[in-house]
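Both of the next two complexes hold subunit A, though its partner changes from subunit B to subunit C.
This part shows the complex of A and B:
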């Protein structure tokens, strides 16, 4: 009986001692929030890290460290030599990749990140049009913490579906899949700001081009379901000329509260030919005052014009990705699902993709407008 | 029949507890990363492998009960002695004990590896081994009723898994499941590889005499329900995994289940898998206890030894083994061997035993021999 008691005491003690196993005290660590990778000469990588440290007065301080080494852990070890505190990556929110690195292939950066169990699968990837180092190191007037700033920039845009979601998990998933290509958010450094300019599109693990302006909207439209999208577009004014004399040649309008559903079907295995069915529902937010939306005929006309515009844009973007051979829409997944994994591999799909035919069918329903006709 | 298997009345358990024993013994470390192994063979049809392997398991459990019912009140060690004679029987008992030891070690080592990789990269694996072994020693010295009690509790620690699996559905793509039934040979190889994950229910062979006599008829029913419960958990995890990862990505993810948990983020906990792994000790514990206890039953059928003494010797042997197998590659090789061995012990041997047992019974009836 005494023996059992001793054992019990031992267990209690070891339970308490487990806390001492690997302590990470907040005041003694630097939290990496944002990392940027740039390629240097001789296959070396420069990592620029935005760090956040908490000092004894409980103020958090943001600092930047930058090192050049062959591996990312190497840069971290080297950065540790400069830092008074241990650098930990558990709070990492965003990884930025320079354009040059993206064009030479990002597989290695993805693999390193995924291999480390410290990293959360939910962190975001983004490409910088240019180099990441000046973007992170610059002192902006209105941005106190560049790491947080870029994280929130990406986070709310992904939530509002203006760009594709680029979490570590989704990026790795697309990069390893032979039947879909990655499309990551593209950041641009301004005079005194950082903003999202569009999507960087990839062929395999190499960046081959970018989609800017309203193009990302259509990529999201084909790839995902919209729960709350919005778009600003212009349609030709020609069909509305009979309404009033003031109709401009180009009608600029904005639609929001967009709900969409999409279906991709394989029509013909041999060509191959696909059909995209997109159903869009939305609300008119802005339209020139000369167009009276109370008339159902006008609404119907508007709908057909918007449909045509959507179809044109989708076809144009698909054509562009075909030229760059970057299947960001995931037609390959649909094709594979029909013909089987044995009949199509990465190489074959890459040969097929520029030749596929896609028919886009868009149905638009404008449900309502604002409070004033 | 004066085997040690004749257990005392107060040590016996109710039949419905078999349900908890089965579930807690089946779910252990395999669930962390079985998807990858199956996927490598069966591709997007990996879930069919899971279905088939569970159908097989149901049949095996049925056969196990048929064998056990033939020799009422004996466990597998007693039956082997009865069927194969004293010497060969004891030898087979020894092999079964070695199997249980191997299973114990595989569970322990895999769990420690997960802890080392995800939570505490700088903590010595042997320190964790000692800590876990002491808990196991503490539990098993309490006897079977305590072990079954732990199984009962650990079942409730599994219940949080299904609701948590809703979150990754947001990232899932049903297209990854297509095309269905592409490669039957691959699916069957997947069934074979499932054995590492699915085993655990062979504990029935040993626990059977400890079920109250009056309720033994129902034990089969509860065991089958237990299998069904595990099946639902495994199939859900498998389906979500296939939809969540793209194929070549899944082939490189070592612990797919933990990686899925990785993306879940709550305002109050950012990294849920770290907590999960620590909680997992309570899920792994009944595994360890039951295998240790099964090994003890086997050894005590060969020669007389006290439970306490045996536990300490057993724990020391296991501890020494942790010095030998250390790296990931060694653990993977060990898992492969254990998977193969467990397939034969759990899925093939029960049929053979049933065959021999029926022959033996029939012959005895024929000659009127009674021993």
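This part shows the complex of A and C:
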């Protein structure tokens, strides 16, 4: 009994001797929200940070700090010299990488980020078509906080599945796997705005190209399931000419509430040949009024045309990625699952990928067509 | 183990008492244990006077030459003395104790020649009737006990359900209990505790429902009590509970007869004490302190919702301020982006670190509560206004605290008041302080340390040998429908497993089942 009490006292005293943890009191630190990395000459990296600090007038202000150093931690130390408050990275939401840096390889940036225990695994990566420094430093008329703006820009687009999700967790997962390549959101700086232009696609850790326009839609269609996607597309007007004289050559239509399921199967190990089965259900949102959607025959025709369009587009994008040797769809994962890791390594898959044959097979079902019928 | 502790306790108390008292006239029970011989009137009066230190309210009445009545003023009912006793006595021709006992129109009359009994009864409010040339004295119990009428329970009020509460008279309380439980199996064992107060204690349980083992334990604990005085049942509960080191009460104090009887029906043991309006119910589990009798009077869906609400309020109340302190001091990472701007803006000009800020505000709230509860109602309202509006607003404007913390502290104080049991509500408010300090020193690590400590402590506690955290751990599936939630009455088992009968009986039942198979 006495022994136990003595032990307890020792425990208490030793706990007190641990001392306090290193406090980072919220209003006494500068929170980095957005970081952009650009490559400079002589292996140096320029880091541009959007910082949020609270000033004595009770206002939270955003300031920008930029430093060039050999390591990213080095840039942080240097930036601290300019700052009145300690700079901490725990609230970091987005890391932007300049195009030049992405083309020379992003492994180092990924590595330093995931090494830092402060960082959330939910922060987003994005590539800037150009340099990050001018994008972050510019004073936009309608954007008061560039960090928050870019975070929300990426966040809601990822939520709506217009682009692939690029959290630290997922990006690191893709970068580790030899059988799939990364595809990160691509941002573009405009006159007075920042917007997403598409996906930057990678071969290994190096950016090799980009998919713009409606291309990201098809990448998501093959890689993931849609819960509520939407797309605007144009199909040839030729099959509908009999309906009315006003039918244009190209029918522009929009489909939303898209639910999709996809299945990739390996048909032949040797060639190798794949088959993609995609089932799409959706609702017609917009279509020229001359096309009578009340008629089931017309709907059937529309469905076939949309299927053809989807198949064409998917094949085209796959061909493009094969030219760039960037397997963003993850055919390698399927292949590996069939032949085993022993028979295919990264190098071999990189040699195989440009030669694979893919048959896209899309079934489209247009469930509803608006509120009126 | 238990006995030893209690004895030490007793010795301490008695030692203190003797030191305080003057050493001269103090009679122990043994000294008074003498049998009276035939005494003359004067001798008897002098003896009694001497033994009770001749108080000024000691009254001697000579009825006839042969009959004398002595009593203590104010303790007896004067009406039955003047209207019933004295006229009857005057008309008795042959005054022997037996005839007087037969003829007196009173309900309770005893005859004794034991001095200690006589003194005790005299002090309880009996009139002693001395007759010439008889050693035996008649004890006419005509005590008048001043007690307030039955009123609604103030501390455990409820909307639906009986509106009667216990009062300070043991007799009234027991009659209340007997009105609820008419079963002949309702046992009422009487004890007298306290050398000076000689307080009556009733041990109440339903035979066949309550566990014999637990009844024996509690009986033994009460019998081995050796204190000079007991004033309230709260003190009694502390003296006879399992562990006196912990802050958590292991016996439930209630002023509601319906709750008391509900406990009896589910196999718990009740203790009532004369002079106290609180009954003790034991054994109880931790969860039961968050139950109100009203949960059972409402529909089960609403009852469940209320119970879950209280449980949530308890956790909320303990951990909200510590989480604020930990998050703002160490873990700014977990604050969501939408909250970080208003949080840091409201903290911007506060000169203290979050831990001091939180402790200061919690202290202010506790001061307000304490001031409000000790003052008369009218002044109490003023305190509320001064505290809530003036101090609250001024503190924020002066930049001593942040707006958001004021909301948090007020919310957690409010949440702590949802606990139906006053004792437990106090503990929940008290628990917050060490956890805030730990959160201020080690952040979430400190909070986890406190949680672990609390859990281990609660797991080790027992109430009359029954596990305190039951039915959560050890898991008693049968009791779960009436613990965190309240399911329909058809599902709830009447007897709590905590109070189930000893292992002997259950093994016997098993054996008999085996035989029958």
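Just so it is clear, the second predicted complex is superposed on the first by the 350 of 373 C-alpha atoms of A that agree within 3 Å, B and C clash if a C-alpha of one lies under 4 Å from a C-alpha of the other, contacts with A are read in each partner's own complex, and residues count from 1 in each chain.
Please note the rule applied: contacts are C-beta pairs under 8 Å (C-beta built on N, C-alpha and C of every residue); 3 or more make two chains touch, one makes a residue touch a chain.
No experiment lies behind these values; they were computed from the predicted model shown.
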**OP:** Check the residue A:232 against both partner chains and state whether it touches subunit B (first), subunit C (second), both, or neither.
**Re:** neither
**OP:** Could you say whether A:25 touches subunit B, subunit C, both of them, or neither, answering first, second, both or neither?
**Re:** second
Subject >> Touching partner for A:90 - first (subunit B), second (subunit C), both, neither >> reply: both
**OP:** For A:304, select first, second, both or neither according to whether it touches subunit B, subunit C, the two together, or no partner.
**Re:** neither
**OP:** Have a look and say if subunit B or subunit C is in touch with more residues of subunit A.
**Re:** B
**OP:** Using the superposition on chain A described above, determine whether A:341 touches subunit B (first), subunit C (second), both, or neither.
**Re:** first
Original post:
Which partner does A:148 contact after superposing on A: first (subunit B), second (subunit C), both, neither?
Top reply: second
**OP:** Once the structures are superposed on A, label A:120 by its partner contacts, choosing first (subunit B), second (subunit C), both or neither.
**Re:** both
Original post:
So, A:55: does it touch subunit B (first), subunit C (second), both, or neither?
Top reply: second
Subject >> Footprint overlap on subunit A, comparing subunit B with subunit C >> reply: 18, 21-22, 90, 120
**OP:** Under the touch definition given earlier, write down the residues of subunit A that touch subunit B in their complex.
**Re:** 4, 7-8, 10-11, 14, 18, 21-22, 90, 117, 120-122, 167, 169-170, 172-178, 180, 330, 333-334, 336-342
Original post:
Which residues of subunit B touch subunit A in the complex?
Top reply: 43-44, 117-123, 131, 134-135, 137-138, 141, 171, 173, 175-176, 178-179, 182-183, 244-249, 252, 259, 262-263, 265, 270-271
**OP:** Write out the stretch or stretches of subunit C touching subunit A in their complex.
**Re:** 327-330, 332-333, 335, 337, 340-341, 343-350, 353-354, 441-443, 445
Original post:
So in the complex, which bits of subunit A are touching subunit C?
Top reply: 18, 20-27, 29, 31, 33, 52, 54-56, 58-60, 88, 90-91, 93, 118, 120, 148, 151
